[in-house]
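One chain, chain A, links the two complexes that follow: it is found with chain B in the first and with chain C in the second.
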Partner chain A sequence: MTPFKRASVLIALLFSFSVFAQEIPWSITPASGPASGGTIVTIRGPIGSWPYDAVFGSVWASARLIGDHTLEVVTPPHPPGTVNVRLFEYDIWRETPLQFTYTGNLPEEAFERILLPVYVPPTFGAQGAEFRSDLRLAAKTNDVTVWGLVRDCIVLCVEPPDSPVTVSSWMRPEELLFSPNGTPGRFIYVRNEEAHQLVAHLRAFDVSREATNFGTEIPVVRFDSEADTTIVLPALPTDRRFRNNLRVYATEPVVVTITAGDIQGSLQLAAGRSEYEPAQGSWGNFPVDAGLVRVTITAPGTTTKIWAFATVTNNDTQVITTVTPQP
Partner chain B sequence: MRTMQRRAALLVTVALCASLAAQPATFDPVHYERILVPLLIPQAPGAFGAVFATDLSLMGSEEQRSVLVYGIRAGCLHVPCPNQGLDAVNVGSGEDRLSPGAVQYDGTPGRFMYVARHQVPRLYGHLRVRDITRSAQNLGTEIPLVRESDFIRTGEMVFRNEYPSKLYRSSLRLYAPQAMRVHVTVVDEYGNETAHNVDLHATGSTIYDPHYAYFADFPAHGWFALHLKADVEKPFWAFATLTNNETQMITTITPQP
Partner chain C sequence: MLTKRASFVAALLVSFPLFAQTPESIAPPSGPTSGGTEVTIKGDFAEVRQYQVLFGEIPARSTTRVDAQTLVVVTPAHLPGASQIWISEGDVFARSSLKFTFTGGAPLDEFARLLVPINIHAVKGAQGSEFYTELYAIAKRGTPGVYGLLMECWFVCVRNDPWDYPERLTTEEAKYGPPDATPERFLYIRRQEAGQVSLSLRAYDVSRDEENYGTTIPVVNFDEASDTVIAFPSVPSHPKFRNTLRIYSDVAMKVTIEAGDVQEVVQLEPGASVFEPAFAMWGNFPSDAGQIRVRLTAEVANNPPAYLGRIWALLTVTNNDTQHITALWPQP
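On to the complex of A and B.
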């Protein structure tokens, strides 16, 4: 082959590649669907004949090659929002410019809803106290994707606030720092199939008294299984040297009735602004020096499940004792 | 004839007393749920003059006023207990609720109590450990009451991210309904792993006595994590505590969520 012919072939090949690339732009159809998943989407682009998986945000789905450069994927359940779509081709990642928008409400049947009852930025209290909440997460063996948290960013935050965080096994403490973003409670979500892998520890502590106590463990609540229509705390101490506070959480802004010893009251829970914020409220009208009192919380006229716990805080030392629903 | 009648009456009385005093040797797991009370001990002296005490409160719901709880000695509140044994306690919702002062704290250190499954949703409890010499400073620390469904059955449990310093002492308590071995791996802040075999031994001869182990072989200071794994898939439960050496304030780390 003469040099001229070689050059011609090379140019033709390059031209054909560029035409090829131009002829197969990335596309996804449809580009939106319900958060419950199940939308059959067609992805077209410069796709080979390897086995493919598609990843919506951070949730995997199997893809089926249905033609030249064309995949068919059934979307997996995902919290609402717009996510990037990536492909996993045999053993390498393929980034794409594609996005898919999940619409509607979070599919409760596919996710475990977990309540962080107190997850707030530093709050100043009496006697120089500075209360903080500290959340530590880990996975037992396999990674767990958690929606509803914001990872601490030291210099530059590039992740959108609704992007999930991936929790790994044996992460170092410094890798587990999140920005407390509850008001004061927070719902986080984990896919049902990963929920058993999650390990959590939530603690409220007074940073000004770290030398005298390590703080108080706050339960991390599997809300859908642990919440109930009636919550009873059988023995809440009432002592004038301590202040009592009751916190109530629900998925809907219901009115709850509270009985504490001889005192009755009601509390309108404030609605959450998103699926990550529970409806919640606090109440502190407890009897004083009445010994151990029974506290009953109900949401009359509704089937909405609620969860509640009380705290007893020493007015001087600011040490917190919890009283949670047991067993 | 009269003598025969007297004998029969005596026999019936003895049989009745025996049934009242009897301790069930086993509980049908179909009908009863086992609930762990991790600490149920009499007052115990601690460092710096501390005297630790556990307070247990139990209450039934208003709809179902009577919940029978087996395994908690209650000082014979409302039922005759001629042998001071582990008779059922009838826990009500009003004045007949089980208050801390009516419980005999004789766990070793914990205790299993048994409740009919259909009554468990109507039983409410609260367990607290406190230093009675410092009751003006704090009311202590809540300890969970653990349903058997919360026991670890996958054979694996992880505690993460504890930050003990020289100011605190750490301990791990393990419970199971049967004898078993748990492999405890301690990972320190440098990633060094130390493996331990921890055997849970019987603490008593009845079904109310959990098998138990206490473990405190932790790094003196610095971050560490714990990984617990059973060599067989038997249920167990564990929790860790961090106690301030000076104030004796206890912080729990329990399996969550």
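On to the complex of A and C.
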């Protein structure tokens, strides 16, 4: 190629880039829609004729080329908030300056709601106890995106609290830790199609007695399938050696009725501040020295489903046993 | 009192002729557990009445009186085994001399399957420990029936066939003992009653009853909780603890275990009935490797590729000094 031809090609290339940059600015219309998805958006910009996918936050949607530099995309369901929009062009990522705002409530039909019943920063108890909870998440084989958590970060935390975290199967156990970032009970969300991939491990333990046991596994609950209008815990001890505590969770701040042996009480669940915080309450007015008692929890006058579990803690050793609804 | 006794005996004698007269035969005598077999029962059905037939405790899908000697019945879904036929000519069912044998696997479209992972009695361990489990069951509402749940009995056990007669739960909890079978056990509940049951299973060391209330063991809705891959993100590998992995499936299969740097294949041995899961126990964990990840993968058939079955697993971490058990299970 002669120097003249080379210069011509270079000029043509530079000219063509400037055409894209100046004449085809990025745009997305509309720039907001319901969290349930289904909004048809038009994306314009320096778009070629490759096959494209669009990614809203971290949720993929297939895009359709409908004209020069123009894609049409149906938004996927997503928790409410503003997300970045990226394109996947055949086999490479294309960053864009575009954002889309999801409005309304979290689309429950598209997400699995998972309850972390007790997930707290260090808490000091009797007999020198210092209780901690340790949450680890992983994926069985494919990556899973989880909304509602912050990865454990001691020094520099770069993830904004509202962004999802992605967990993989290849992470080392120490990379799978997450930090408490809200009320003790917490809802997290996973897209339905990824829910079976998620693996969780939530353990409460007393640091001062780590040499004597590995702590107590706390159930991580698929809330919508495991909650019920009535919860029954068949045989709870009322021996003075133990102190019992009942924790109750719901999606709405209902009043629940609790029957424990001969004692009947009610408990107003405190409302959560967002979809990541369940309505919750705790109750400890158990009878004393009444042998094994049955505990029944209901939410009269409502169809709201509840979930509950009890902890039985030995007053001397501070060892916790959980009693949970089964199966 | 004598009059009452006489009345009772008379009532029995009246009911027996019913068995002698009807029915006389059943054809075919067997069919699949999924139900739907059209069965002809021959006997004395001279009275024109609304006849009803039960297989154990499960009503036939339909019962039709064809003539004075013939009922045609469509079988319900039922657990495998020989089922007692009961016939009513009105409100009262009478036990017949006939049986119908259901063949095949458990009909999971109509029955939920629960796994009781460990049910043991007086297992002695290290440091003077003696482990027991305690299983309570109660009805949240109604009187749901649980097949395979066995009442505690230590001297004389008169039990109905567990595949034919469920244990009916009430709103008073009852304690169910370790079965006189394998420690791990499948239970079955008809799906329309599955949400009515609450169970509680606890393992404890009687020698350390003063120190803690033991460890809750999950009772699992097996077909919802099981998968072809099971993972535990963080398991301690430390000389303070001994780890034991229990693996369960509905079919005998090979399972690949990855625990830190260790990889092994174990064979799950088949259960003897639908109440016994295929099972294997494994404890060859690396020692002193810190926190490790454990992953189990069910065997996959090659030509054509197909999953052979699903697995569930329970991992216990026991402190060697205190014998305190922490149970880890696949979550959520």
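Heads up, the rule we're going with is that the second predicted complex is superposed on the first by the 304 of 327 C-alpha atoms of A that agree within 3 Å, B and C clash if a C-alpha of one lies under 4 Å from a C-alpha of the other, contacts with A are read in each partner's own complex, and residues count from 1 in each chain.
Throughout what follows, a residue touches a chain if its C-beta (ideal position, glycine included) is under 8 Å from a C-beta of that chain, and two chains touch if they have at least 3 such contacts.
Source: prediction; values computed, not measured.
Once the two complexes are overlaid through chain A, chain B and chain C clash, as defined at the top of the document. In the superposition on chain A, A:Arg241 makes contact with both chain B and chain C.
When the two structures are aligned on the shared chain, A:Gly148 is found in touch with neither chain B nor chain C. In the superposition on chain A, the residues of chain A contacted by chain B and by chain C overlap at 114, 136-138, 140-141, 169, 173, 176, 196, 198-203, 211-217, 219-222, 228, 230, 232-235, 237, 241-242, 294, 312, 314, 316-317, 319, 321-327.
Chain A meets chain B in the complex at residues 114, 136-138, 140-141, 169-170, 173, 176, 196, 198-203, 211-217, 219-222, 228, 230, 232-235, 237, 239, 241-242, 292, 294, 312, 314, 316-317, 319, 321-327.
Residues of chain B touching chain A in their complex: 35, 55, 57-59, 61, 93, 97, 99-100, 120-121, 123-128, 136-142, 144-147, 154, 156, 158-161, 163, 167-168, 187, 223, 225, 242, 244, 246-247, 249, 251-257. Remark: chain C residues 114, 134, 136-138, 140-141, 173, 175, 195, 197-202, 210-216, 218-221, 224, 227, 229-234, 236, 240-241, 290-293, 295, 317, 319, 321-322, 324, 326-332 touch chain A in the complex.
Chain A makes touch with chain C in their complex at residues 114, 134, 136-138, 140-141, 169, 172-174, 176, 196, 198-203, 211-217, 219-222, 225, 228, 230-235, 237, 241-242, 294, 312, 314, 316-317, 319, 321-327.
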